[in-house]
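Both of the next two complexes hold chain A, though its partner changes from chain B to chain C.
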Partner chain A sequence: MTPWGAVWEGLRAETAQLRRSPLLLILAVIQAVTFLLLVSLFGLTGSRAPTAIVDQDGGPAAGRLVADLAEAHRSFSLRNMPAAAADAALRRGDLVAVITIPHGFSAAVQRGDTVALPVAVDNVDADLTDDVQRALPSAIIAFGHQMGFPGIRLQPAERDVLPHDTDFIPYLVVSALALDALVVAGVLAAIAVAREFEAGTARVLALSPMHPLVPLSGRLLATGMVSLAAMGITTALVVLLYHVVPINPAELILGLFACVVIFTCVGAAVGGMIRRILPVTALIFGIALPLYIDSGALEPERFDGDIIWAVAHASPVYYAVGVLEHAFHSLHVTPEPVVVDLLALAGWAAVALVGAWALMRRRMAR
Partner chain B sequence: MDVDGEGRKVVHLSPQNGVDAAMRTGLRGGEAVDRSPAVWLDRVSCRIGDRTLLDDVSLRMTTGQVAGILGPNGAGKSTMLGLITGLRRLSSGSATVLGERLPGGGALLRRRIGVVLQETALYDELTAYENLRFAAALYGVPSTRERVFAVLDLLGLTDRSRDMVGTLSGGMRRRISIARALLHEPELLIIDEPTLGVDVDARHAIWSHLRVLRARGTTILVATNYLDEAEALCDVVAVLREGHLLAYESPTELIARAGRCIDIDCHPDDVALVGRAMEGMQGVLRVDPTPSGAAVFLHGTAPTDEVVKTVLRSTSVDGLRVRAADLAEVFRALAVTA
Partner chain C sequence: MMRGILALARLDLALWRRSPWTIVSALVPPLGMAVLLAMLTLSVGRQPVALVVEGNGPEAQSMARVLESDTEAYSLTVTDAATAAGMLHDQTAAAVIVIPPGFDQAVATHQATLDLTLNNVDVDFADDIRRTVSRSAAEFDAPQLGIQGELAGPSQGVLLPNPYRVAVAELPLRQTNVDFMRYQVLPALVLLVLSVGLMGTALLSARDVEQGTARVLVLSPQPAWRLVAGRFAGGVAVCLVVLVPILVIATLLRVIAPPVEHWPALLAVFVATALCAAGLGAALGAWIRRARVVAMAASIVATYLFFLGGGFTTIAFLPGWLRAISAAVPIRYAIDGMRQCLFYPDLRGVGTDLLVLGVTAVVAVMVGSLTVRRAWAS
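And then the complex of A and B:
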């Protein structure tokens, strides 16, 4: 009676079952890729508010202002329109805002007069309205600077901590890999365990001389390999499609491997607790997004306030994002060193494994 | 109540039935079988919260016997099997299985027991062979391929070894689950509802396979809802109702107590004639009207042929069937004799 024989047969059985369920395999890969699209859309949406410019002046100062508005960071997608058309488009919901540059704007600016700049805003979403309200002053300051207006002058002298900038979407797609690992590895492992309960085979395992987790670990090895393959495909897309190349490839491999191991263990524990495939899948999707958002996925979590940051420490995704962002961009998004992040991931895997071990026979016997 | 050589109490359920009846079946085919207890429950109770699933149950099942646990759904059959397999814990009393006092024994004891669960519990996406190979690994069965094909052959499934289990009939799935329990050549085979949800042909096929195992001397414990199944397979039967052990005796004795039944198809107006004809007849317990005519209940020792002839003489009969008593009648008889 060797445990390795049972592990090996578990692996063979799960591989055969997965091979005969190609749809599940395809969905696992598609699921991983769709999260890349999700975060890409997340980065893209709301950053280019469709805004009409009604230029009733047509002078050089008006042209300068339009150029400064166009360069305002991640804010306006400008289009020149007549006043009536712009107003109609705003009411239809095709535009977020209409900025009107009035007659005599350039002349008034030359004279140094104060000019009112009418801005009509569709306030259907306060967040979008805030974006417009924040972007306008920065464009106007840039305009004043270009035009040599008198007054208080502040010239920011930026000193970068890091030798390179990381754009929002390249940052997001890397953290999305942690979300992918959680969902793909977690769901596949949870399904493998919950299926034992649904099929009634859990009791067969409980009645055998082996601890149920021994043959199940073979099954989890198989789901882990499928998860690694799905992660490999997704990582290749990040490199080839988004041109985000890992600076530390070895760390990336180690990080992804650790993520798959830990989320497989977490999935197994959740599958053992819930014991039904449908709820377990819904639950993992349900917990994935809050864990993802509270993990430093959008920006380093320490910038989101002490409470949110403290809570994030309880989430394995926080450490996973820390490892992956460092692997791709050499960013330290967690104050903890990467080694500590990796150790925390290993600790999470161990806790999940011990939990699953303790839970399994008791649950399976029922 | 006696005390055995090891100082443990042995509860005789009644002078007529109980352990004595179990011990009477110690000979099979002229060969003496091992009389050591395979299963020994002594005043065992199992409670969950304020629900009592088994109450003060005692029985002793001898090695080499085929014992049945008979009772309706909810009687405590699966609970008793759960206790014996170690899936459930005793609340009080003591239980010994294959010489191991429960809850001890652990993996080594589980290695000596084969269990066929009420549900077939197979992996539908795997073939019959793959299902058994996986199970063989759990028990560390050597020469797996040979052993898997040996049990498939025993249960007449060799030609279906490469079929996906999900495509097989209920009867075949049941036979595969029995094959799985036999892979490691258990000393004690426990079967919960061996013919649940299978058709008549499959039922008889399964009985025939169990008889083969019985002939080989395998100790078998069968839980069933059906008296005829217990009669067909078992040397001794424990009757359970609502967690109480009502009897532990041979099926012959049980049927003798519960009797037989003659179902008569006749015109409703003729039921009274049947009733009058049966008055005073030896061994006739009662006559009940049924939707199709009448049912005549007989004592186990009643002269069935005489009763049938009398019925046929008394009135015009469309049809007539003699059958064993069902569970309700067993319980009625046990209540009367208790």
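And then the complex of A and C:
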């Protein structure tokens, strides 16, 4: 049998194996979709803090202030509520804050008086409290300018680097594709390799006249193709469900292909190292989350300082996120040009391939 | 009666001890979550911003002091315009704030601007910077709109007039803020219980069926329900073996510090969560019956329960339909109950949380028992 024939037979064997485990395939796709949904949930909590407005004034200035609060950089999701209901909801943890506009507010500000707004804050989480504390002055500035009050000497003037903002969820679901590739391709490849060791067929392969890694490559080719299909489904969901359309489709295809190759090799290396099916899923899943966060998944990683940025370079997910965000949104989320990110991914693929090959060769020799 | 149950529980504990990879499988996801939280703690809140002070009068210096003093919001680098542009380009700064030349004269004519150039690559951090810069600008004309003013000004009865004619009297609901890390460490503990209970019991159940030991169990003189009870007792015991040392360490390090009288409720929530997880795990393992698939299925189930239950997300922020789904997720009651025990002065709602967890545990144990017995019988 030629080496290509052995690769083909390995591919056929793994395909047959996967066909006998439809549940595993279904779970792989569910896993991929799960991450999209999860990052969406996380994205929903990034802005628009649920906040009650208790408008005891009802005058035009109060209405203006409520409108300015609603427009204060996506800070608040406002609900008009009576005071008692708002207080109860705040204590239940259903609200982050209750802003009360007191009786006589409109008349007082028209007279030139300064009115204190009582703002009750559930300061259980410092992160949410900070957001509320920072957002209120934004609304108050806008209110002062729109009401045309004299005496305001300064206003911020913003110039954005990019022509439009990218919403948080469209940003997150794109970076989640890299996480998906890591988990799906990594787990399927790791299971395929670990199975050979656990079932003892690795020894049989070692005795064959063909180098044992050749048929194993065929198996990895099969898991890689399944991973590509799962990524195709997930990408289609991003386009159809989230209406996030890639601006550079060729870059997207290259990036996803490189991700599947890299993470298949990484999975193979993990499977060869652990040689047991049971822990590989949890292990890859467990390492995926920190790698994902330290990859520019939430914002450009460079903003998090030198150490975190330097650590991020040790993971292919960093470059993958750089490529995918550019492919979908034309955003530069790494200081390195996208070409460098693509080359780095290609380099990672080569290193992962050689690394997996060397590690498995050593394992099989034992 | 108890001997039979304890014998199987001991057997499961022994199996765990002899299966280091099973322990690793259950521990890695919560450990990954803990690392993730640590990384998020480093990255939330402060954004790297370059400040260029081109005005040289006292008003410009005053504005610069306002910005420099807000160390909670900015990681500020004071530099010149060219360097700031370079920092924006190479992403060492997310934004550049310029106090322009002629600032003092512009202030005198009420025409001053604080110029912000922002890398608006995504709205989440871009809005954080917009809010923060707005607050700094407001503080220039109205010092009480700064953080100290919000906390110690009008709320303490000291109201200074300002040109915006609005001030903020902040009334915190509780005495101290809980920092992000401490707030999120609790869901990581819940994930630990969930992962160990669900995955551990699922793997043991699947292995019984896959390796045929279920047939041996069925032939034992013990009634089936005792064997099933032993499996749950083993699952809960394993959870507690893993959880208790971590709770002790977290308590000693003051990462968790509930009022003394809240401890029994907190422990009850943990035990009820472990029982729910063990019941679900037993059902899942006996249903799927194959260890290699069980690990992935358990990961997915644990992930959904955890995220929809409010681990890592704040349920109040979610749309109504998701909040409705979340209300049917038992882990939400575990997380709510634990937060109430740890961060709130009273135990309001913990009774309901325990009731929901208890009912879920009973249902999970019943479903788990039926599935396990059916799997053993077949």
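To be clear about the criterion, the second predicted complex is superposed on the first by the 348 of 366 C-alpha atoms of A that agree within 3 Å, B and C clash if a C-alpha of one lies under 4 Å from a C-alpha of the other, contacts with A are read in each partner's own complex, and residues count from 1 in each chain.
Everything below uses one rule, namely that a contact is a pair of C-beta atoms (placed from the backbone, for glycine too) under 8 Å apart; a residue touches a chain by one contact, two chains touch by 3 or more.
All values reported here derive from a predicted model rather than from experimental measurement.
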item	value
Partners on chain A (chain B, chain C) - clash or fit	fit
Which of chain B and chain C A:L205 touches, first, second, both or neither	first
When both partners are placed on the shared chain, which of chain B and chain C touches more of chain A	C
Partner chain(s) touched by A:E71 [first = chain B, second = chain C, both, neither]	neither
Partner chain in contact with A:Q133 - chain B first, chain C second, else both or neither	second
Spatial angle chain C-chain A-chain B, Cα centroids [nearest 10 degrees]	90
Which superposed partner A:S21 touches (first chain B, second chain C, both, neither)	both
Partner chain(s) touched by A:A13 [first = chain B, second = chain C, both, neither]	first
Three-chain overlay, closest Cα atoms of chain B and chain C, distance in Å	11
Doubly contacted chain A residues - partners chain C and chain B	21
Residues of chain A that touch chain C when the two form their complex	21, 23-24, 27-28, 30-31, 34, 38, 41-50, 65, 72-75, 77, 90-96, 108-109, 112-131, 133-138, 140-141, 143-144, 147, 149-162, 164-168, 171, 187, 191, 195, 274, 276-283, 285-290, 292-294, 298-300, 302-305, 308, 331-335
Chain A-touching residues of chain B, taken from the complex the two chains share	82, 85-88, 107-108, 110-111, 113, 115, 117, 119-126, 130, 133-140, 164, 180
Complex interface listing, chain C residues touching chain A	21-22, 24-26, 28-29, 31-33, 35-36, 39-40, 42-45, 47-48, 63, 72-73, 75, 88, 90-92, 94, 107-108, 110, 112-128, 130-135, 137-142, 145, 147, 150, 154-155, 159-174, 176-180, 183, 195, 199, 203, 288, 290-293, 295-297, 299-300, 303-304, 307-308, 312-314, 316-319, 322, 336, 339, 343-344, 348-349
Residues of chain A touching chain B in the complex	1-2, 5-6, 8-10, 12-13, 16-17, 20-21, 199-201, 203-210, 215, 365
